[in-house]
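Take a look at the structure below.
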Amino acid sequence: MKLLLIGTVLFFSGGILELFIPRKQSGFVSAAAAALAQFFILPPVFQALTDGSTMSVSLDFSLPIGTAFLRLDPLAAFFCLIISIGGLLASIYSLGYMKMYRDRPYSLSSYYFFLGLLFTAMLLVTVVQNLLLFMIVWEIMSLASYFLVIFEHDKEEVRRAGLYYLIAMQIGAAFLLTAFAWAATLTGSLDFTALAGVLSMPGSASTIIFLLFFAGFGFKAGFLPLHTWLPLAHPAAPTSVSAVMSGVMIKTGIYGILRIILLGGIPHASLAYVIFGIALLTGIFGVMNAIVQHDLKKLLAYHSIENIGIIGIGIGLGMLGMVYRQEGVALCGLLGGLLHVFNHFSFKSLLFYGAGVVYAKTHTREIDKLGGLIHSLPITATLFLVGSLAISGMPLFSGFISEFAIYTGLVRSLAPGGAILNIAVGCGLAGLAFIGVMAVLCFTKVFSICFLGLPRVPHQEKLSEGSALLLAPMVALGILIVCIGLVPLLVLPLLKNVVAQFVPGIVATEWEQMMSLFRRLSLAMAVLAGLIIFFLVLRRLLLTGKPVRIFKTWGCGYQVESSRMSYTASSFAAPFVHLVAPFVPREREVMPPQGLFPQEARYKRHYADFIAYYMIDPLSSLLSRFLGLFTWMQTGRTQQYILYGLVFLVMLLVWIMLMPS
Amino acid sequence: MSGILIVLFGTTILYICAASRIEAFVKTLALQGLLLFLLIMIDVHELNWLNIAFLSLETLLMKAIVIPYFLLRVIRRNEIGREVAPDVSQLYPLQIASIIFIAGFLMAYWAAGTGMVVQPLYFGMSISVMMVSLLLIVRRKRIITHILCYMTLENGIFLLSLSVANEMPLLINLGVLLDLFVAIYLLVIFFNMIQEMYDGNNIDVLTELKD
Amino acid sequence: MMRFLLFAVPTILSLLVLWRRDRLVSRGALLGVAALYLAAATAWWTGWDVVYLEGRLAGYFTIDSLALWFFTIMTLVFAAAAVYSLFYLREHEVSPQREAGYVATMLLFNMAMTGVLLANHLALLWVFVEATTLTSALLIYFERHKSSLEAAWKYIFICSIGITLAFVGIIILSIGSKSIGSLFFADLYQRAGEINPFWLKMAFAFMLVGFGTKIGVAPLHAWLPDAHSEAPSPVSALLSGALLNSTFLGLLRFQGIMVRAQLHQFANFLFLVVGFLSLLISAAFMLKIKNYKRMLAYSSIENMGILFLGSACGRTGIYAALLHSAAHSLSKCSLFLTSGNILHLYGSKRVEDVRGLLQREPRTGWIWLLSFLAIAGLPPFPIFLSKFLLIMAFFEVGMGWLAAPFLLFVIVLFFGMGGAVFRMTFGIAPPPPPERGEGVHLVIAAYAPQMLLLILLLAIGINLPAKVLALMQSAAGFYSK
Amino acid sequence: MITLLHLSLLLIAPILFLGIINRVKALWAGRRGAPLLQAAFEIGKLLRKGEVISKTTSFVFRLSPSLQIAAVIFAALLMPLPGRPALLYFPGDFVLFAYALGLAKFMLVAAAMDTGSSFEGMGASREMTFSTIVEPAFFLLLGSLALITGQTSFTAIFALLNYSAGYSVLVKALCSISLFIMLLVEGCRVPVDDPNTHLELTMIHEVMILDYSGPDLAFILYASSLKMVLIATLLANVLIPVSAGVAGGLLLFAGMLTLTAIGVGLVESLIARVRMTHVTQFIFLMTALAVTTFSAVIFFLSGGF
């Protein structure tokens, strides 16, 4: 445990040191610190994960915080693992990525400082077990990420997005604050262990508190309808930061929800259904909006929402299993959810890093302005393809394993009787399939439009591949993804103790059954891989000595081949968007050609977020209009000011007179 | 006897509501000072001569003679003739003031029912005088008038304080002294700064700061 | 003895300063008094056994833990403002005469506030409150603009009326408590039961309106944005950081009477109403703020509202209010002083004229940013703790639902203020206005005080020293009957 | 031995399946038509040829056909025959089945986009759009089957399906209809798509493989028809009672495949191709059927009859 803290401090001190390092050499220290930190963080983490032990250390603060316990149990260890590795990769990637800002008026030192601070805060969030201290590190985490988001602070839209993000985090924190304060008044203790008593109380209070917690953490995780900050903050941030935020940081929200479930159990059975349903909607909504996006990073942000939904489905399924005492289902659900947390970290970071390379080379995030990059950035393209296959849950890649676990859980929970449960599970099955196939649609679109086909913008052919510093983290992640995809048993044993925390009744046989299933699965994967190799070899053999001509694409009679004619992202998505039109409000700006000899005409269309469009914006404008009702007061007339006081006084006196004494 | 004086005191403020000439206002102030002095003479018994002397000094000398004299001189010098609000009719303040008076009397007698230890008339009248002068401040536009209204407000408070003058004269002296000081302070600010920085002395010039 | 010094030294020195009219003397006097006050505070902190001295109140001035708490805050703020004043006076090329006037008024103002804090006689407290009004009005008018005159006039006129009404409250109280025949808090506390409840309520109403005007809570706040935005920055810091608190202490002491007379339900209700009104009003104006000094003023209104909310919610509430008062004063002081720097750098109080503070003057920029985070209640700054405690207090008095509107307003305020602060801090700085060349540089006096205040805040926020804790608890003790 | 038979049956079926369909169409049109093994001849010819590859393409284009055929054949390994367990089965294997086909589709679409031709892009986007509707329905169908039988793998589901209560007749009917629709959609047959149209604007599957030739084209042809056979096999599994025993089962299976092929052929000869804008409605028919099936099952299980 001490080791872990040392590692945590290392991240921070790396950030501190960066403040004193000249611009040219910035970044190396924090990268070194991050690398060094791994040696301190990983051993206790792996120990906790393997033997399920719980290490703890107590810090004595003065009141109102009081004594704060830092505990490292398997659950915390699992998230520490992700955060720590993510930290290392991010700081290496930043080395290469932030180069392009060297000659721009941005403070790199503060960037690295806040990066270190962010990782420190996240690590602490997972281990702190004291309500107040938790809130403190939680807020520091939000704050540090805010400063990272507004790195390019001279852009108006970046500042606006940053403020939006910070406000969203504040609202989430307000929910948590209320829940914590309520719990603290009920128990009189600030330690997490006291929460158990609160959440298991009879009556509605426990349910309300649970929902408050869910809302508070849901803001960070990005569950519907609390997700609206994600698609704004991610494009605004530097790509290295977006990767961290969506790969690592939003998972702390998941951690929070899991922690609450672990502490207090589920106060009311309906809550399991609520979370399951919300998660399902989140997943469908996220990917549906991703399909219509043209901004590469915004699209990836929506995919984070989708994957949070999938994780949520897993957790909700686990909760259902816990409620209905079906250990097997709970096991599958939680296992799938947790594994998907890890997988989403790996492939989403990979994808964002890939997008970062693309942005660094082409300086655009518009998918429709990209194309044919696979010829100039082969490695990036290949890794991006791996990420795309993984996030679409294709077999052979990690994404499939976790989704498979969730599917298995869903199917296993189908049982005669319990119509409600069956209906829920049926929706889950169909919904998850829907999510999966929409993800395929979206990523065939992204990958093909960005990397395949013809370049749409001149001189995108002669770009140089990203530097080794940029590629190294991506390669590492790619290998990780394929390994998990082929041999899931590499990571699954690590999750045993985490799941065991939730389902103490999980008997060895259950787990063994599960593992054998995955052994069969990886056998199948091996067969599939074998087949693929077989046919590749076969193809090569067949083509040996045969003429292979390189010729232009068959243009169906058109002789001119130009990228202007080839399909764009919008046209690729169009038929599907037509299906879901009511759920993606579209905003147009049209400038029709005018006059006999029109100089210019423009047509611009973008899709708004359903929730933001129909729910958040109206509410906020309502609030501001309400507050606007009071702004006539400050007229600058002394007499009027005195009149306020006079009226107030008279009202008081009358009230006192009429009050029964 | 004291009752009559108090009612008289009340009528003075009614007169102020109606009056539109600053001079008349000032003279009424002097009259109020005189009335208060008489009230002290009649009502306040069990005080040592020092306090009596002090109180009468304040009322008779300051309120009734010095300040009005000074004010009249300045007013004449700066030709501050009328209250500038020809559009604002003097009728409404008068009616409202009389309503407030009725309220004050009712309050006094109702409070008398609750077995309290103060002469009800003092209480009701002074409260209503306060309210009326605050109302006047809200109604009138001239800064000088505001200050004068503030002084009537003080007189009203003084009236109230007389009801406990026997118990804690020190408090009364303190309060009255400080109020006088503030009044003079305000007048000084007005005549030295506002007069010379703004041409008109209408309160509307002081509405630059706003949101 | 020390109490005597606290009053004597400033008076004498101010006379001396006015007589000599010499820069050196004036500045010496200013810093000297600041040092003296700091010394007094430390002496009390170390020497005094901080217990609530309800029984032993004697003489007209005593220092109990409640007073000591606010006295410490005032001392810190005054010291910071004093040091900053050196920069202020230097940069504005003030003539020795006016500088002497500034210093003398400052000293008297400070002394008056001390009187408010230490007085344990209601009438005496009232007198000193009035005195603070008169002295601070001069300071507000110090820059001799039309606008500053207007602000000063509104301030003094409205506040004098308010104070006068407070006097009515005192008289009514003394009517109601004839049997006690004393206005010492000690006697009033001990024999609160004998006070006629009707008169006590009346008195409280007048007190609330009177002192509330001075504290600047809605709906009696209207003068505050003008005064605080027009005054010189160090003065604004004093007004907002020290004066509001000290008047609030008067009301707090009066609430002690209400509690002992079993009327705290009544008082708490009024406090809640006033508090939420202030939050509402400040939120409404914060959303469309144009002038960053007015922005700070509105945030003062908000925080005063929070103090009222706290003192309406039982012991934990009082505890939160005390912590909040300290945190607010220190952060607000730092903010106002820094606003002086910004005004000096950009020559404008309008938000949209200020850009790229971090780029133009990183030190000021970071101080501005951090002080904002402090006032916005982000950890590890102490306002976060006080807000948490306040919400706990809501739940303790069984009004947990109040947390919802409270947090809503707090977030709206954060949005409004944050929007302004961030657009000032970030971005690319415009070229400096021609009348002040590139040579704009800030001496150490221009940011050292804020830095110290911020460090202090962090220290409190991360780990309250046990001594401070003990003092706060014993100060909150006045509430328990 | 029997395993080999099983596998070879599945691998030969595609050839004949195509043959039968074309023969039926020819007969209906009054021609004699090509021999049943025509597909085999074509594939053999293609395998012996060289290739023409578009210069805009990348390795994705070259990889894709091999991956497609591998994925589909892998899916075939997961498919049981009536009375015969699949060669590879475990709980939840149908998920893998669906996702393996999904992998094939992913590669197909990516390769089509790789050529940069707008027509192929058109086909790709239509293909993906249609499968967004098909996929959930397919999972719902298997969900309802799993719910009846309480099993979670193809083999076990179909083994138990026929022992369960009388209402399974209804379920079977609904299932088989929607599976038949799925067959038409996934196989890109009329009324969704016309495999032998010559107007690229209206093509879906064919247009995506315009740029392929030689072995790659052979792989794709085989894979697509094997995909149809697999869905037809599902149909057979749903309908054929296990009681028929192994040999009988296999015979019935062969017959069933033939019947399906004939059905497809008849549909192609009788029904006109739906307008592109109406295709989605047609596919939604399958979704509707699937939902009906599922809710019917739930209704029955919670003590309906």
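Chains here go by letter, A, B, C and D, matching the order in which they are written, and residues are numbered from 1 within each.
Just so we're on the same page, a residue touches a chain if its C-beta (ideal position, glycine included) is under 8 Å from a C-beta of that chain, and two chains touch if they have at least 3 such contacts.
Computed from a predicted structure; not experimentally measured.
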Closest chain to global C-alpha mean, per-chain Cα centroids: A
Among all chain pairs, the one with the most C-beta contacts: A-D
Centre distance in Å when subunit B and subunit D are each reduced to the mean of their C-alpha atoms: 100
Whole-Å gap between the CA centroids of subunit A and subunit B: 70
Centroid distance [mean C-alpha coordinates] between subunit C and subunit A, Å: 44
Separation of mean Cα positions, subunit D and subunit C [Å, integer]: 78
Multi-partner residues of subunit B (each touching 2 or more other chains): 114, 134, 137, 146, 206-209, 211
Two or more partner chains touched - positions in subunit C: 153-154, 157, 161, 165, 198, 225-226, 285, 288
Multi-chain contact residues (two or more partners), subunit A: 631, 634, 636, 638, 640, 642, 661
Complete list of chain pairs which touch one another: A-B, A-C, A-D, B-C
Subunit C residues touching subunit A - in the complex, by the definition given at the top: 153-154, 157-158, 161-162, 165, 197-198, 201-202, 205-206, 208-209, 213, 219-220, 222-223, 225-226, 270, 280-281, 283-285, 287-288, 356, 358-359, 373, 378-380, 384-385, 387-389, 391-392, 394-396, 400, 403-404, 407, 410-412, 414-415, 418-419, 422-423, 426-428, 462-466, 469
Residue numbers on subunit A that touch subunit C, as the complex places them: 61-65, 105, 107, 132, 135-137, 139-140, 143, 150, 153-154, 159, 162-163, 166-167, 170-171, 174, 177-178, 180-182, 184-186, 623-624, 627-631, 633-634, 636, 638, 640-642, 644-645, 647-649, 652-653, 656, 659, 661
Subunit A contact footprint on subunit B (complex, rising order): 107, 110, 114, 131, 134-135, 137-139, 141, 146, 203-204, 206-211
Residue ranges of subunit A in contact with subunit B within the complex: 631, 634-640, 642-643, 646, 650, 657, 661
Touching residues (chain side subunit B, partner subunit C) in the complex: 111, 114, 116-118, 123, 130, 134, 137, 143, 146, 150, 153-154, 157, 160-161, 163-164, 167-168, 170-171, 174-175, 178-179, 181-182, 185-186, 189, 193-194, 197-198, 206-209, 211
